[in-house]
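To start, the structure itself, in C-alpha cells.
Think of it as A, B, C and D in the order they're written, each chain with its own count starting at 1.
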Amino acid sequence: MLKIAVIGTGRIGRMHAENIAAHPRAALAGVYDIHTPSATEVAEKLEVPQFESVEAVLASPEVDAILIASSTATHADLIEAAVAVGKPVLCEKPIDLSLDRVNACAARIKDSNVPIMLGFVRRLDSGHAGVREAITSGRIGDLHQVIITSRDPDMAPDAYMEVSGGIFRDMTIHDFDMARFILGEEVTEVAATGSRLVKPELMEKLDDYDTVTVVLKTASGKQAIINNSRRAVYGYDQRVEAFGSAGMAISENHAMTKVRLFGADHTESAPPLLNFFIERYDPAFAAEIGAFVDAVEQGTQPPMTFEDGRQALILAEAAIKSAKEGRTILTKDIG
Amino acid sequence: MLKIAVIGTGRIGRMHAENIAAHPRAALAGVYDIHTPSATEVAEKLEVPQFESVEAVLASPEVDAILIASSTATHADLIEAAVAVGKPVLCEKPIDLSLDRVNACAARIKDSNVPIMLGFVRRLDSGHAGVREAITSGRIGDLHQVIITSRDPDMAPDAYMEVSGGIFRDMTIHDFDMARFILGEEVTEVAATGSRLVKPELMEKLDDYDTVTVVLKTASGKQAIINNSRRAVYGYDQRVEAFGSAGMAISENHAMTKVRLFGADHTESAPPLLNFFIERYDPAFAAEIGAFVDAVEQGTQPPMTFEDGRQALILAEAAIKSAKEGRTILTKDIG
Amino acid sequence: MLKIAVIGTGRIGRMHAENIAAHPRAALAGVYDIHTPSATEVAEKLEVPQFESVEAVLASPEVDAILIASSTATHADLIEAAVAVGKPVLCEKPIDLSLDRVNACAARIKDSNVPIMLGFVRRLDSGHAGVREAITSGRIGDLHQVIITSRDPDMAPDAYMEVSGGIFRDMTIHDFDMARFILGEEVTEVAATGSRLVKPELMEKLDDYDTVTVVLKTASGKQAIINNSRRAVYGYDQRVEAFGSAGMAISENHAMTKVRLFGADHTESAPPLLNFFIERYDPAFAAEIGAFVDAVEQGTQPPMTFEDGRQALILAEAAIKSAKEGRTILTKDIG
Amino acid sequence: MLKIAVIGTGRIGRMHAENIAAHPRAALAGVYDIHTPSATEVAEKLEVPQFESVEAVLASPEVDAILIASSTATHADLIEAAVAVGKPVLCEKPIDLSLDRVNACAARIKDSNVPIMLGFVRRLDSGHAGVREAITSGRIGDLHQVIITSRDPDMAPDAYMEVSGGIFRDMTIHDFDMARFILGEEVTEVAATGSRLVKPELMEKLDDYDTVTVVLKTASGKQAIINNSRRAVYGYDQRVEAFGSAGMAISENHAMTKVRLFGADHTESAPPLLNFFIERYDPAFAAEIGAFVDAVEQGTQPPMTFEDGRQALILAEAAIKSAKEGRTILTKDIG
C-alpha cells in the first residue's frame, strides 16, 4: 500500500483522491488545499485526514508520495519541495507555463532519484495505447503520418481562460505529448496556425486562439497533425490516427452509450460523446494511480516523465512562435 | 450479343429492359405488355420494337431469349411456352402462387435443356454473396445460425396486397431463397409466426400478416431465422448474418450516402437506407443480366434455377401452415 | 451505508463482494462459503469477517442484507431463510431450476415486505436500458419485433454443464428476462428449437442443446426472437434490437478496445468482444449494488423482482417443452 | 443528345468514352488519340468513329462538344482551340502544370461564352457533396475546420512520376479544389510540409515528396488540413470532415463490399477500400457527363469551372513554395 496525499482538491484533485481511495494498492493519506473548505469536504467524504499546510504534508511520516493537483503556478515549487524530502510525485500537467521555470526545476532535481511522474493520462487510454502498440508491434509498418483530433466539449469560464497560459500550453499540451508518444521520435519542426472562431472577442483580448492546427515533423520526416477546438457541441472529441507503410490504426471516440437509433430521417445515430475528460479517461485515470504505485514500489520508469512534460512545453513554445510568425519553427531553437 | 425480349413492362420489367439495353453483351430485342401504352412508352424510350402479342415474341427470330416480368399468374404458362419454342427464360419470382401449378410446370419442362433462370437477384448482391463466400471458403468454420432481417420500406397499395398471395409467398419468398443459399443445405423444418401490427384491419380481412418470424432448420441442425416487416420507416432493411464455429459474417445495410452527421444530441448519424429494391439491388440486377447471358451462351448452370423457385415456394407453404397451426412443419410433408 | 453479507464466494460472489466493498453507499459485512478456503481468501483480501455458517450470517446484527451467490440449489432455501429473519435479499439468477420449488417459495414469502431483488443485471446495462428507454419515450413508436442475440464466448466445463439445468434454464433465462423487459408486456406464446452443433456428444448425453432459437409472442402480437450459442469465438456477443412503427434502437456489442486496424486485406477491424459477463457487464454489476441499496433504504421497488425470476423460469419451461414437442406452447399452460 | 468527342483514350479517356456512350442524354461522337492503336481499340469496342487528328475533331459538324483526356501538356492548347471553334469543353485536371500558361489561356478565352468545365469530379460525389450540403443548409453551423484525407492506393510508375509535375500539382490539386468547395471561401494562406517516406530515392531525385500535409486558411480564419500519401495499402482513402459551431459532417470511405467479418482475433473487419478512383468515383464520373450536358444544353454554370482549375493551381504553387521555404505563403503573392 502506497500512502498518497493529494494537494489540491478541485475537480481533478477530488477525482484523483477518490481513485487513490478505491485503488487496491494505494491508500489516501490525506488531502490539502489552500482553499480549506474544499479540502474539508473531500476529507470528510473520504474519511481521511486534512493537512493544515503543504509543509505538514511534506513532513508527515504517514505520507509516502504526493499527488499534485493544485494550480499550475505551484507545480514546480511543489515538485522541488517533494524531491527535497524524498517523496515521489505524480504531478498534473503542465509543470509550469514558463519553460525557463521548468528548466530551472529540471536543473534542481536532476541529481535526485525520486520518481516523478507527469499526468499525461491519455497515454494510458486503452485506445491510444493500442495505436502505439500497433506501431511497436509492426502491424502498420513504418509510421508516416499521425492525426490527432482533440476538441473540448466547451470552453472553460472566461476567468480560467485568462490564466490558462493560452491554448497551446493549456490544451494542446496533451496533444503534443500524445504526438510524441505515438511518433516515438523527437519532433524537430513545428508549424502552427490559430483562429478565433468560437469566442472571437475573448480570444482577441487574450491574444489567444480557440481553434488551432499544428503540424509537427521529426528528423526522419514523420508528420503529426494536431487539430483543436475549444468547443465541439457533440461532446469531447478525442481521436488518434496513425498511418504507416503497412496499414493504419485509429483510436475512436466513446459515445455515452452503445445505443444506435434509426428513424425516418436518420440511421445508426449514436448519442453524443462522453463529456468530459473525467468521464472519457476514467479508466486511464484509475490506471494512472496503478502506474504511479508501480513506479514507486518497483522502481520502474514512470510511463510519463518530467522530461516528457518539458518536451511538451517546448513544442507549445514553438507553436506559439510559429503561429505568430507564420513560419516553421525548429525545436532546437527553443529552450 | 444475346437478344432478349422483355414481357411485362411494369416497374420491374422496365428496369430489366434498361439493364438489357445497357449491357455490353446483351441487346434488347423488344418489349411486350398486355397493357399496350406501357410497352409503347418503353419501346419508344429505348428505341426498340414493340411486339403485338406473346406469340409474336415467341415466334420472332430476332428473339434469342425471354425475360418474364409480367404478372405472377402468367409466369408458368410463359415458361412452358418459351421452353416449347426453345427460348431460354429469365423469370421474375415467384413461379406461381400455387405449388401444384409449379409442380405441373416442372413436370412439363423436365426433359428440356432450355436454360431457365429465376429472378432471386439477392444472391448476386456483393454483400450477401460475400457472406456465402465466407462460409464456402471456411472463414467462419461450420455454419450454425443464419439471421436474415428483411423489411420493406412500406406496404404496397391495398389492391396489390389483395392479390400478392400473402406475405410468405410474396415477400418472404426472397428470404427463403436467401436462407437456402446461405445454409447450403435443404431445410427440413419450418416454424413460423405472424402478427398484424402495421395494417391490422387489412391483414385481418386478407387473413394475412404484416410482421412475421420464420425459423428454419436443416437435417444437420443448422438454424436460419427470418424476420420480416412490411414497413420500416428508416428504409429498406436488408441484412444477412451467418454465425459459425470459427466466426461470423454480416452483410450490412446500404445508406443513401456515406455522410455521417454529428450534433448536440447525436453522433455518427447516417441517412436513411436506400429505398427500395431497385435502388438497393441495382448492381445485382445488372449482374443478373450478365449471369443470364453466361448461362445461355456458355451453357453454365444459372445461379438461380427453376428448382430454387420451387423449393422457396415449398418453404412458403410450410410457413403458412405452421403459422396457422402453431407447430413445426416438416418440409417433406409439403408438396 | 447498507451492510451486506455475501453468501457464496465463487467467481460471481467474489465480484459482488468487491463491488460492495467499493460502493460508496454499501459496506461488505462479511462473507461465507461452504467451501471455507474460498471464503477465507476473499475475507482476507477485502479485510472483512468470514462467517462460520449461514445461520451466523442470518443472525448477525452486523448484517443488514444478504447477497446470494451460492449454487442454484441453495437459492430458494436462502431466500426463505433471509425473509424469515427480515433481511433483504439480492439473489443471483435463477431462483431454482424447478418451477414447483419457485412457486412454493413464492407462496411462502408472499406476505412478506422484505425486499427481494433478482440478479438480472443486464437490465441495468446502459445500452439495453437505452433501448428500453427508446421505446418508453416513444422514439421508435409501437414496438413490433425484438431480436436478442446472446452468445457465450465458450462453453463452461462439462461438470458445470451437467448440473446447469440445460441451456434454457441456465443461459437463455437472462434473455427471457431481457425479452420481458424490452417487450413491456407478458409473453403468451413460446416456440423454441434447439441444435447440437458445438459439443454434439455432450449435448446428446445431457439431452440438451448448445444452439437455440426461441420465438416469443405477446397477446398484442409483439414478437421477440432470441438466438443463443454456447460458443462465439469472437467473444461475448450481446445485442438487443427493438424494431417499431417509428424506428429502431439497437444496443451494440462492446469490443475490448476502441482501436480499428486497417491493412492490405482488411479495414476497420476491431478487437474481439469483451469476454465475459464480468467484463462486459462490469458497470451494470456496480449499478446493481446501488439499485439494491436504493430498494432497501428508500423502499422503492427493485428493478428486477422475484416475480421476474419466476416468469423467466416459466418461459424456460415453455421453451423446453416447445423444443421437444415441435409446437408452440402457451405460457398459460405452464406453471 | 449532346454529341461529345473524346480526345485521349488512355485509362481515363476510355472510361469517359464509355460513360458518354451509356449516358441517356449524350452520344459518343468519336475518339482520337495521338497513339493510334489506343483510339482504334476504343472506337471499335464502342462502335464509334475514330478521328484522324485533333483538327478533324474540331472541324467535325458531328461533334457538339469535346472531352479532353489527353496528356496534361496538351490541355491548354486544346481548350483554346475548342473555344476558337465554339465547342464546349470538359477538361481533365490540371489545366497545365504552369500557372503562367494557365493565366495566358485564361486571358485568351476570357471574352468567350463557350462553356468550359473542369474535371474536379469529386465535387459530384454524393458523400462529399453531402458534407457541403450539411454546411450550406446550416446543419453544422459556422464552418471552423475541414480535414481532407486523401491517399492513393499506390504510386504510379516512375516514368509517370517524372512528368507528373510533383505531388502538389498532380495529386493534391484535387484536394485543393475539394478544400475550396467545402470552405466556400477563398484561401488566403498556405502552409505545407513534405516528406519522402514511400519511395525516398525517387523523391530525392525528383525533388518531390510522397507524403505531404497542407494547412490552408481563409480570411475569416477557417482552416483546412489536407493530408496525402502516395501509398495506402488498405486502398484508396478518401475522407472529408467538416467541423462547425453546431456539429460535424464526415464523408466516409467506401469498402469493396458491405461484408463484416468476425473471428477469434478481430471483429467488424471490412474488406479493403475501393481501389482506385475509377471504381471509387464511378457514380460521380457518370454524373459529370450529365452535369456537362446540362451546362451546355441549359446554359447553366458548370459546377467546376476553368477558374476553379486556376485557383487550385495557385494553391499548388503556394504549397510548393511553402514546403521549400518553411513558411506560410499568402496566396495573393502567387500568380
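The definition used in the following text is that a residue touches a chain if its C-beta (ideal position, glycine included) is under 8 Å from a C-beta of that chain, and two chains touch if they have at least 3 such contacts.
Note that the coordinates shown come from a computational prediction; the quantities given were computed from them, not determined experimentally.
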Please state whether A-B or A-C has more C-beta contact pairs across its interface.
A-C
From the centre of chain D, which other chain's Cα mean sits the farthest off?
C
Between the Cα centroids of chain A and chain C the separation in whole angstrom comes to 40
Using CA atom averages as chain centres, what separation in Å is found between chain A and chain B?
57
Multi-partner residues of chain C (each touching 2 or more other chains):
233-234, 246-248, 253, 261-264, 271
In the complex, chain A residues that touch chain D:
141-142, 144-145, 147, 149, 151, 189, 191, 193, 195-198, 211, 213, 215, 217, 221-223, 225, 227, 229, 231-234, 237, 243, 245-248, 326-328
Quick one: in the complex, what on chain C touches chain D?
233-235, 253, 255, 261-273
Chain C-facing residues of chain A, complex:
22, 126-127, 130-131, 134, 139-140, 246-254, 256-264, 271
